[in-house]
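Listed after this line are the structures, all set down as structure tokens.
Below, chain A partners chain B and then partners chain C, in two separate complexes.
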Partner chain A sequence: MTFEKIIFYLFATILVLAAVRVITSRNPVHSALFLVLAFFSSSALWILIEAEFLAITLVLVYVGAVMVLFLFVVMMLNINVDVMREGFIKYLPIGVAVAIISAIEMGIVITGNFSGDKSPALVRKGADYSNTEAIGQVLYTEYLFAFEVAAVLLLVAIVAAISLTMRKRPNTRSQNPSSQVIVKKEDRLRVVKMDAEGKGS
Partner chain B sequence: MMEMFIDLLFILLKAFAIIIPLMLGVAYLTYAERKLIGYMQIRVGPNRVGPKGWLQPIADALKLLMKEIVIPTNANKFLFIIAPMLSIGPSLAAWAVVPFSEGLVLSNIDASLLYILAMTSLGVYGVIVAGWASNSKYAFLGAMRSAAQIVAYEIAMGFALVGVLMAAHSINLYEIVMQQSGGIWHWYWMPLFPLFLVYFISGVAETNRAPFDVAEGESEIVAGFHVEYSGMTFAVFFLAEYANIILIAVLTALMFMGGWLSPFQGIPGLESTFLAAPSIIWFLAKSAFFAFLFLWFRATFPRYRYDQIMRLGWKVFIPITIIWILVLGAVIAAKASYVTLGLCTVGIAGAYMLFNKLQTASRSS
Partner chain C sequence: MNNEMAVIEMPNLALVMPEMFLLGMTCVLLVLDLFLNDRNRIITYLLAQLTLFGAVVITFSQMGGEAVTGFSGSFVRDSMGDILKIFIYVVTAIVFLYSRQYLQLRNMFRGEYYALGLFGVLGMMIMVSAHSFLTVYLGLELLSLSLYSMVALNRDSEASTEAAMKYFVLGAMASGMLLYGMSMIYGITGSLDIKEVGSYIANNGANNIILSFGLVFVVVGLAFKLGAVPFHMWVPDIYQGAQTPVTLYLGAAPKIAAFAMVMRLLVDGMEALYVDWQQMLTIMAVLSLALGNVVAIAQTNIKRMLAYSTISHVGFLLLGIIAAGPDGYSASMFYVLIYALMSTGAFGMIILLSRAGFEADTLDDFKGLNERSKWYAFIMLLIMFSMAGVPPTVGFFAKLWVLEAVLNVDMVWLAAVAVLFSVIGAYYYIRIVKLMYFDKAEDNSVIVADVDLKVVVSANGILMLVLGLFPGMLMAVCQQVLA
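Moving on to the complex of A and B:
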């Protein structure tokens, strides 16, 4: 067993265990943190297949931004796990059906196109080969249209989310920072000259 | 197998060669901070331990080592202990790709700028986990504030870096520095002047330093996310904060101030002297200057209000960076030189400031 294989199995084991703990752990904050661990291990696996751009982006986008917001929300919720589990028996058949279908689909994909003997072996590139540049080249030429459609979709999602949650309340008071900044001492302060007041006067 | 272990050993030694000076730098940055702010406020600062107080950081470290680590009731013990490590881990890991001088870099990876961005974005976990695991309202409030703030400023920071990599045509830090060679007017602070300001201010916000230190906010929430931490666990948070300050200072020097390149490069008459030669001394001097700015800010500015911080991040910095990326794109497409763009930018900024000064002068008279 080579050093690389040892590392692969180490991170793969951590990944699977963390993914299992995401759905079995009782505390939602623990689940979110296990998801972070799962992202991290899969990013390590991507580094092993020399996809360093994707690996770093996974950490940057999902761990560094998305999961922070996830944690932010989950920590403020007071989730009662028992209430969540009440309908467990009722929804069990549907859940099992979905699980079986996705297992079959995954099986088809794995035994079909991506099985070890059909896919070509990984081509090892030299250290001067830039993964980032290669992805940029195809992303902005061949797949430009798909890329821009995805960007617009995300923008639509942002606009939709904001318009759903934003409501104008008549009674809120807000400050106008630019008018606060522009204020000068003379506008607010008036120095008055007056005689000292004695005790007995 | 044997060769691999020797390689690993060498990498480990090199890592220590970075971390030990860094830790010394952190220790004496705290001393410099107390001394400098002391002098700015007409005090002397620490002067009892050792000659002129030079041993103060060591005494502080010893004191913190000896103190008991108190774990609050009902705190999540595992997360409480691991939070400081989550905080310091990324801030040390980021140093792996920082180039110090020509050929002086631990790991010259291709995507080093992205790697740095990824690592600095992880530091927030230490803060959030600490705030949540402490089982304390104040700590939790601090963690929430910090999470919102860091996410907001990370976007502006990322966009500022997009400008840098567009200008340098590379995401390798070493390459970015080498692209700036040719004299002080080739450094990116001139053509990317707005991005330079946005990056540095976002860096101050990202490290939770004054005037953006609402995560600690002593006057409102005692000490924010590390209220419940004592002894060495507190010290580790402290180390991470100062290591991050040094990192931001170093990155600003690398990306906008030409790293180890000499400011006298390209000046006729000085070209062949030792002054124009690139050297690690220039790099250290520039980084020290930016680290000094961090301390200066703390002594000068009052803390921002929370809504002002959010406004500055989302409504001011992000639009500025997007506009400047468009400008830069136009300049690159027109094949104009960065030097022209830089001179125009700094000229316009200077003219605007002068105009503002004159206007306020005429208003008050």
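Moving on to the complex of A and C:
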């Protein structure tokens, strides 16, 4: 076993364990954190196949941005885990049956036609080869159309999300900074003159 | 890839003029809508109609000539695409027109309906013009995302929210299936370009188990999107749960785009696997015809009934593709174009009979329509006869040509099954005619609607008759673009 293989199996094991913990962990915050670990391990696997740009993007975008938002949402929603777990025993037999059938099917497929030796071996590139440059060269040329359509897709997602969640409630309290700034002392403060109270009167 | 500077080829932007125009105008509409108050909201609507009109003009000016691919094979402009696109614009324009008054009366007249509707049209255009698996998928997602959110727009209605949720979950699963199948095919052929995939399969033989594996998933994904049995579960709930203008939108133009997707993926991409997908489509077509027509009989809600009717029409649409060859494909194309017009007409009538606070969505609402208005009862009669396939309406010819194509490839039993279930299906269309002409009206209120709605609904119904008397022209166009 080469050193590279050892590293591969190390990260792959961490990845699988983290993925399992994402769904088995009782605390949603722990689940989200294990998902971060899973993303991180898979980005390490990408580094191993010399896809360093994708690996870095995965860490920056998913771990750095998406998962932080995820954690915020999880913390704010206050999900009651026990309700979601009801019926675990009830659904266990059918779940196990599905899992066994899937495992058998996967075995048939892997031992049959999908074996790894049919796909070409990975070509190793030299140290001066830049993965980022390779992606950059096709992203805005060959895949320009797909790239632009994906951008429109994100725009639609934003429009849809805003139109579905933004509503004006009549009694919402909100701040208006500009009117707060121009307010004068006379508008808010009223000095009341009154006599000092006498002692024991 | 080497480190030299690759020469960047400027994409042929003229090719995507209609898409760029529509996207630009939709963005303008989105921004403009922010500055309008509810009284001036009509400007948004007019701008949406203007956008569709402009798109018709641009696509029309580009029509004719050979198919041209661009953007490194992601995009193709051909005659079939142009015709389908023009129908998509026109049908959507009619949908927008029908929904205006309905939305205004219910305080739902918001810019988002039109903006999302136009984004959906953009998605359909991209699907129609797709020349790579990636483009098909992205176009489909653009359309689906717009549709999910349009169904959910009526947030305060429990039925709409439930429908949107079901649609979203099932739609996401279908997209996953499609994508998985595409990845299998990509793995074998090494290309996303539809033409290259086609030539790879033709040269290397179709007896590859992974190819068939990928094909199964692609067909399942397509069937979900078309709403063919056994992947039809979402159709009735979404048709009934969504607001009528949204049902109107999602029942008409997206079917044209779905037809284009089937043509691009199965016919252009995988015609060499014809024997495999023919069998799968045959099973789905027979089941769709049977279930759609039989279950529709039991419905009392007309939107739900029309949903089952859609399922049976999808069965007919698939028949033409099963028959294959230019005859079959052009018969299918004619069928889908006519179906889009019939379906807008039927929902247009529901909208016409609805008023503020009242939905004309049960069969009983059509009782005695003849007493209330002889003219609209006649228009509904034409639409129902066309759906049932009664001559001389155009629905008859649409069915006739599909059956002819099926008979030409010696699949007599399939044609017999289709005819049998059409006869069963005729019952529930003609039942509406009976309700309108022979039953007493329960509600004698006068039909109130704006002039534009009245005129276009009437024109829509009359069109069924006119196209039925002169079906040759549209059919000739369909045959020409698929020759």
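Note that in this section the second predicted complex is superposed on the first by the 139 of 201 C-alpha atoms of A that agree within 3 Å, B and C clash if a C-alpha of one lies under 4 Å from a C-alpha of the other, contacts with A are read in each partner's own complex, and residues count from 1 in each chain.
The criterion applied here is as follows: a contact is a pair of C-beta atoms (placed from the backbone, for glycine too) under 8 Å apart; a residue touches a chain by one contact, two chains touch by 3 or more.
Quick caveat: nothing in here was measured; it's all calculated off a predicted structure.
**Q** When the two structures are superposed on chain A, do chain B and chain C clash or fit side by side?
**A** Aligned through their shared chain, the two binders fit side by side on chain A.
**Q** One more residue to check, A:33. First (chain B), second (chain C), both or neither?
**A** first
**Q** Looking at A:175, would you say it contacts chain B, chain C, both, or neither? Reply first, second, both or neither.
**A** The first partner, chain B, only.
**Q** On the A-aligned overlay, A:156 touches which partner chain: chain B = first, chain C = second, or both, or neither?
**A** Second partner only, chain C.
**Q** Output check: A:71 vs chain B and chain C. Expected answer is one of first, second, both, neither. What do you get?
**A** Only chain B; A:71 stays clear of chain C.
**Q** Let me test your reading of the model: by the given contact rule, A:50 touches which partner, first (chain B), second (chain C), both or neither?
**A** neither
**Q** May I ask you to decide whether A:132 touches chain B, chain C, both, or neither, giving the answer as first, second, both or neither?
**A** Touch partner of A:132: chain B, not chain C.
**Q** With the two structures placed on a shared chain A, what shortest C-alpha distance in Å links chain B and chain C?
**A** So the smallest C-alpha to C-alpha spacing between these two chains is 12 Å.
**Q** Once the two structures are fitted together, what part of chain A is touched by chain B and by chain C alike?
**A** none
**Q** Which positions of chain A touch chain B when the two form their complex?
**A** Those residues of chain A that touch chain B are 3, 29, 33, 36, 52-53, 56-57, 59-60, 63-65, 68-69, 71-72, 75-76, 130-132, 175, 177, 184, 186.
**Q** Quick one: which bits of chain B touch chain A in the complex? Just the residue numbers, please.
**A** Residue list for chain B touching chain A: 4, 79, 109-111, 114-115, 117-118, 121-122, 124-125, 128-129, 132, 140, 143-144, 147-148, 150-151, 154, 171, 307-308, 311, 363-364.
**Q** Would you pull the chain A residues touching chain C in the complex into a rising list?
**A** For this pair, the touching residues of chain A are 112-114, 119, 128, 133-134, 137, 141-146, 149-150, 152-153, 155-157, 159-160, 163-164, 167.
**Q** List the residues on chain C that touch chain A in their complex, please.
**A** Contacts found on chain C: 1, 3, 6, 8-9, 11, 16, 23, 27, 30, 71-72, 74-75, 110, 112, 115-116, 119, 122, 126, 132, 134-135, 138-139, 141-142, 145-146, 148-149, 152-153, 155, 187, 209-210.
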